[in-house]
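Next come two complexes built around chain A: one with chain B, the other with chain C.
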Partner chain A sequence: MSATVLGLSAFYHDSAAALVQDGEIIAAAQEERFSRKKHDPRFPARALNYCLEEGFLDPAELDAIVFYDNPLLTWDRVLKNCLQAGESAWEQFNQACRSVLGIKVWVRDYIRAALGSLGRADRVLFTEHHLAHAASAFYPSPFEAAAILTLDGVGEWETTTLGLGRDRTLELSQVIHYPHSLGLLYSAFTYFCGFKVNSGEYKLMGLAPYGEPRYYRTIRDHLIDVKPDGSFRLNLDYFGYLDSNYMTNAAFHDLFGGPPRQPESFITRRERDLAASVQQVLEEVVVLLARHLKRETGAPNLVMAGGVALNCVANGKLWREGIFEGLWVQPASGDAGGALGAALLGAHIYLDQPRRRNPNGRDGQKGSYLGPAYQPAEVIAFLERHQYPYERISDGEVRLRRIAQAIAEGKVVGYFAGRMEFGPRALGARSILGDARNPEMQSRMNLKIKFRESFRPFAPSVLAEEAGNYFDLDVESPYMLLVAPVREARRLPVDAAAYAQAEDLRTIINQARSDIPAVTHVDYSARVQTVHPADNPDYHGLLRAFKDLTGCGVIINTSFNVRGEPIVCSPQDAYRCFRRTQMDLLVLEDCLLWQQDQPPFADTEDWKTAYELD
Partner chain B sequence: MRQLFEYHPVIGYRFIPGVKARVPHEGGGYLMRANGSGFRCRHEFTPTKAPGVQRILLFGDSFTAGEGVSDGQRYGDRLETMIPGIEVFNFGLPGTGTDQHYLAYQEYAAGLEYDALVLGVLVENILRVKARYRIYQNDQGDEVIYAKPYFELDHGRLVLRQSPPPRKPLTEAELPPEERESVDRGGRYHTLRRVVKRLGLRDLAQRLTHYQPYPEYNDPMDPAWLVMQAILTQWIGGQDRPVLLVPIPFYQYVEQTSDPAAYQERFREVAAATGCSLHDPLPDLWRHSQEARRGFRFTRDPHLTAAGHQALAESLAPALSRLLEGVEAGG
Partner chain C sequence: MSSTDAKRGDGPLREFFFRRALPRDAARREKGEAFFPRHPDPAATSYFLPRGKRTVEPRYLEAPECPDGEALEARLYQMWTAQGHPELAELAGDVARLAVELARTEEPGEEVSPFIYVMF
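Now for the complex of A and B:
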């Protein structure tokens, strides 16, 4: 029997929708891409509309609609937490009431209003947050059986779950409950270091290699008690999230030498060392949990999801530990991926659909290219409507050679091709590309294109078949979720003395560290995307053309957006972002647009203030 | 929201060929897909018919294209399920007038094999035939004015003007003063209608005032009607195959808040003059209860709901079947 399931996540952060048909993932997208509001938590009406568009389905044809968590359990946790915290939690209680009771119990009404129908069953199913994460990690993975590890801030009561997936069954056997949360620990440091919680965590991770783990012992001694099996408890005396609207409290501040860093202010050695320290703690816990899971399940493979699973440095460390033969991490590991997990649970558990595994041994995530595509005719209609000058090159080989040539000449290229990525990473469908060999490129792209702090490294895309020539990586990393060392032979010596004494990050950043300096982080690591022709033949072709031209199979790949902006979705978004920055070339499917040929651009908003900082 | 339309030098615009979209709408959203010729039709416009198939060419505006409902729910698609062995080529194009439908016919349909032509003329189309400009929303949601091709009568002869129409939209301020009256704003009393609609008093106001939305039909010598009549006469007169002329009533007529007699008389005159078949679906629609008829349009959007399309198709099917009797299925 055929079965079509819509999954939704909403009302926390990164709301999303996903569509699964007969066990195959048809579509998935985050609401932010359509609403243009970063991490948009609102009901994902636009994403949902897109999923039905992709499947060309009327809502009445849906066999099930599944929401990714259980609002009543969340309410239970909030209520008990506030009762326990007492009077000091009154403000938090008020906020939670407005949030939980104001929106979340009305999921059915939202769906009915958006779709005019609740599908064939005329009902909405609710799953549980970490079960949805687990499903999003296991079902699309290439493994018949795998241990499952989910880690995030909190979902209902759980913060960490461990389990086993086999064929289409899922069992979560061990859990760690709120308020003990690895995600919240990391978020506390994110906040303390002056970044935004729930979105700035990846900045903290990027900052870590600039520091020394001088606070590691302090964190282990005062903040978190870790057992040999990886289970942990936080010392709640140091955290504010139980009884206030802040992640940390005065005790935390005293422990780490003063108040939190103000956002946008100078990043001192303290923040760098704190980042390095909490990163080391997180990696240690993840590895211990994985070892425990291996002992408990005996499974050869591990799958992961939840916001903490986006920590690609920890993932890389875990992989190199060699605990499991295979590792697969859901590329949309945050709450957005919960929509996909919910849809997959609906298909495999509720509707008993058999699990579909890719016959070629690859995963079922389709490269995470699960968002909307725009046909060349749509692109041309857009360009003609606005009379923007463009050159159409229908011959794919000629076009890719031309783009590769531009990259080799030091041009920065906005690349818009095929279906948009699902998840926070741009994987060559909505990417800004540059020459990784160019020592000026990191600073240029950061300051003139992305308008962001320059300490953050760019990621490389590399031909999958050539990854081993550049990185110490013996496994594919198609979703940019593994950090790997740049090969020793490619590294350049650095002035270690200057590095040790540097207070200003720029002193460190501007030192070339390899023959692909723009993607080599300060610790010689890189957040690698291996590009396989089966996942994205077009992007692989571009890398191949660049390799043929230059002998180098690596380019810079950063998300197609400016600081604080969601990744572009439509040709219109892409053109606007192109004109707001100093990108040289915009590729919209088979059309090429050069910045110098474009007419004056009348921007209708002050985007530098419109987009919130992470 | 995807861009759905692109400039067309003859018609003014068409759907982007091949575009597939789900359009958000008060009815919950609807699915649409354009064929390779840029029309919302489930068939590609292949010149030759398949053996045993009777092919209908259907022209009209958004009521025919099916704004508000998914492909498959439109009256053209419903007819395909009601009458065995037919295929309906749907040339419906939202926001266009009968003048543009005629141009679309000349551009895309003249070389096709077909058995019958159905002209679904929403009675409001007379305003569009009269207009040289029409208001649309751009991709920022702002109202802009697009020029359209139109016909004028010169000594009784139809002359095409503003062809090709300019690509660039105009703002209200950019519109030449002498052209202000040539913009189709959807009917009379533009500002008053907006206020009444916003207050939710539209139905009541129309009932109380016996609102006549299209007085252009009152007089057979009205300049707008004369152009409309000339277009229909020339179009139908050039046919060697059966033609069914279908005046599609706007909701005021379906819900009997306005008197349809004038437009009914005008269409009867055209049918009589050209010898084509006329099917007025209004009597059939009136057989439904008042409550059911209210359900033929959306709460705010006056376009036909799936129930409205079904009712229209049920009315049309016998007339179309009769028309096709005696027409040999081609091969």
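Now for the complex of A and C:
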């Protein structure tokens, strides 16, 4: 029997919708892409409408609607947290009540108002936060059976779960509960180092290789106790999140030599060393958890999800430990992916749909190209309406050669092609591309195109079949979720003395470290995306054209947005972003637009203040 | 408290928290019982907890739905009674009434706090 399931995540961060039909993922998208509000936590009405359109569905035809967590258990945690903290938790209680009791428990009403129907069953189903993460990790993976590890800040109570997936069944056997959380530990350091919680974790990870882990022992001695099986417990005397609106408290600040770094201020050696230290702790715990899971389950493969699973440096380290034969990480591992997990649970557990495995052995995530696409005719209508000059090149090979030529000449290219990605990484559908061989490209793209911190590295896209020529990587990394070393033979010597003394990051950043310097991080690592023709033939074709032209099978791939802006979704978003930056070329499907040919751009908003810095 | 909160009024919430919930929880605190540990335990060999529901059954997905205040009260009462917290179960009616009232006044916010991992 056919079955269609809609999954939703909302009212936390990164709301999203996902549609699964007969066990196959049809569509998934995050609300922020449509609303243009980064990490938008509101009800995902636009994403939901998109999913229904993609499935040609009327809401009344839905067989199940599944929300990604259990608001009653969340309320249970909120109340107990505030009671335990006592009167000092009043402010938190006041806010949490409004959010959970005033909104989240009534999600059924929001769904009915948005859809006009609760589907065939006239009801909403609810999963649990980590169960949804687990489902999003296991069901789309290429494995028949796999150990499951989910790690994030907090769901209802759970912060860590361990289990086993086999065909359609999921079993979660061991958990760690709030307030003991690896995600919250990492977020506390994110906040303390002056980055935004729940988005700046990625920056902290990028900063870590610039530092030395000289606070590692302090963290282990005072903040977290880790048992040999990887289970852990925090010392809450050092954290603020139980009864204040801040992650850390005075005891934490005393431990690390003073108050938190102010956002946007100079990054000192302290922040660099703190980043290195907490990253080392995180990696150690993840590896211990994986070893324990292997002993418990005996499964050959591991799947992961939850916000901590986006820590691709830890993932790379875990992979190189060789504990499991296979590793698959859900690319939408944050809360947005909960919508997908909820839909998959509805399909496989509630409606008994068989699990679909890809006959070609690849995963069921479809490259994570699960968002909206725009037909060439729509693009042309947009360009004609606004009289933007463009060149249409319908012949794919000719077009890709032209784009590859531009990249090889040092041009920065906004690339918009096919269905938008689901998850926080751009994977060649909504990407900004550049030449990885160009030593000035990292600095140029950070400061003049992305308007973001100069220390942040860029990721390489590489032809899957040639990844081993550039990186020490013996497995595919299609979702940019594994960090791997650049091959020894490609590395260049650096001025180690200057590096050791440097207080200013820029001294370190501007040293070329390999023959693909723009994507080689300070520790010779790279956050690799391997591009396989089965996932994205168009993007693979572009890489191949670049390789044929230059002999290099690697290009820079960074998300198509500026700092603080959600990744572009529509041709309008892409054109706007293109004009606001110093990109040279915009590719909108089969149309090419050169910056110098465009008419003066009448911007309707002060975009540098419109997007809150992330 | 932000000006927005002041506008929305926190009287009923304040009343519930300080006059109903905290006093009802006093006995637990006096006994030194905690809902969760705040510190590491050097004597423990592992911090893992067994998960209550190891496997997922279809009926679990149906359980939390609350179409109205009455259903919410019943679900909360049932949950806290099953957990062995009769003092909390007695608050279920108050909580449900608060939830119904808040549903009339609250609107989902656009912002995610930059300072704290949003926990609710």
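Operating definition for what follows: the second predicted complex is superposed on the first by the 614 of 614 C-alpha atoms of A that agree within 3 Å, B and C clash if a C-alpha of one lies under 4 Å from a C-alpha of the other, contacts with A are read in each partner's own complex, and residues count from 1 in each chain.
In the analysis below, a contact is a pair of C-beta atoms (placed from the backbone, for glycine too) under 8 Å apart; a residue touches a chain by one contact, two chains touch by 3 or more.
Just so it is clear, the model here is predicted, and its values are computed rather than measured.
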Problem set entry | Side-by-side fit of chain B and chain C on chain A, or clash | fit
Exercise. Of the partners chain B and chain C, which touch A:582 in the superposed model: first, second, both, neither?
Worked result: neither
For this session: Report the partner of chain A that touches more of its residues: chain B or chain C.
Result: C
For this session: Return first, second, both or neither, reflecting whether A:218 touches chain B, chain C, both chains, or no partner chain.
Result: neither
Exercise. Which partner does A:570 contact after superposing on A: first (chain B), second (chain C), both, neither?
Worked result: first
For this session: Please work out whether A:510 is in contact with chain B alone, chain C alone, both, or neither, and reply first, second, both or neither.
Result: neither
For this session: Mind working out whether A:384 is in touch with chain B, chain C, both or neither, as first, second, both or neither?
Result: first
Exercise. Hey, in the superposed model, what angle do you get at chain A between chain B and chain C, Cα centres, nearest 10 degrees?
Worked result: 90
Exercise. Of the partners chain B and chain C, which touch A:394 in the superposed model: first, second, both, neither?
Worked result: neither
Exercise. Is A:233 in contact with chain B, with chain C, with both, or with neither (first, second, both, neither)?
Worked result: second
Exercise. Least CA distance chain B-chain C after superposition, rounded to whole Å?
Worked result: 19
For this session: Return the residues of chain A at which the contacts from chain B and from chain C coincide.
Result: none
Problem set entry | chain A - residues contacting chain C, complex | 10-13, 37, 39-43, 66, 70-84, 86-87, 90-91, 93-106, 108-109, 123-127, 131, 153-154, 161-163, 169-180, 183-184, 187, 191, 196-198, 224-225, 227, 229, 231-237, 240-242, 244-247, 263, 345-346, 349-350
For this session: Provide the residue numbers of chain B that touch chain A in the complex, in ascending order.
Result: 2-3, 5-7, 16-22, 24, 27-29, 31, 33, 70, 139-140, 167-168
Exercise. Hey, which residues of chain C end up touching chain A in the complex?
Worked result: 1, 5, 8, 10, 13-14, 17-18, 21-22, 25, 28-29, 34-42, 44-51, 54-58, 61-67, 72, 75-76, 79-80, 83, 88, 95, 98-99, 102-103, 105-120
Exercise. Inside the complex, what are the residues of chain A that reach chain B?
Worked result: 45-46, 49-50, 52-53, 56-59, 114-117, 374-375, 377-378, 380-382, 384-385, 387, 570, 572, 604
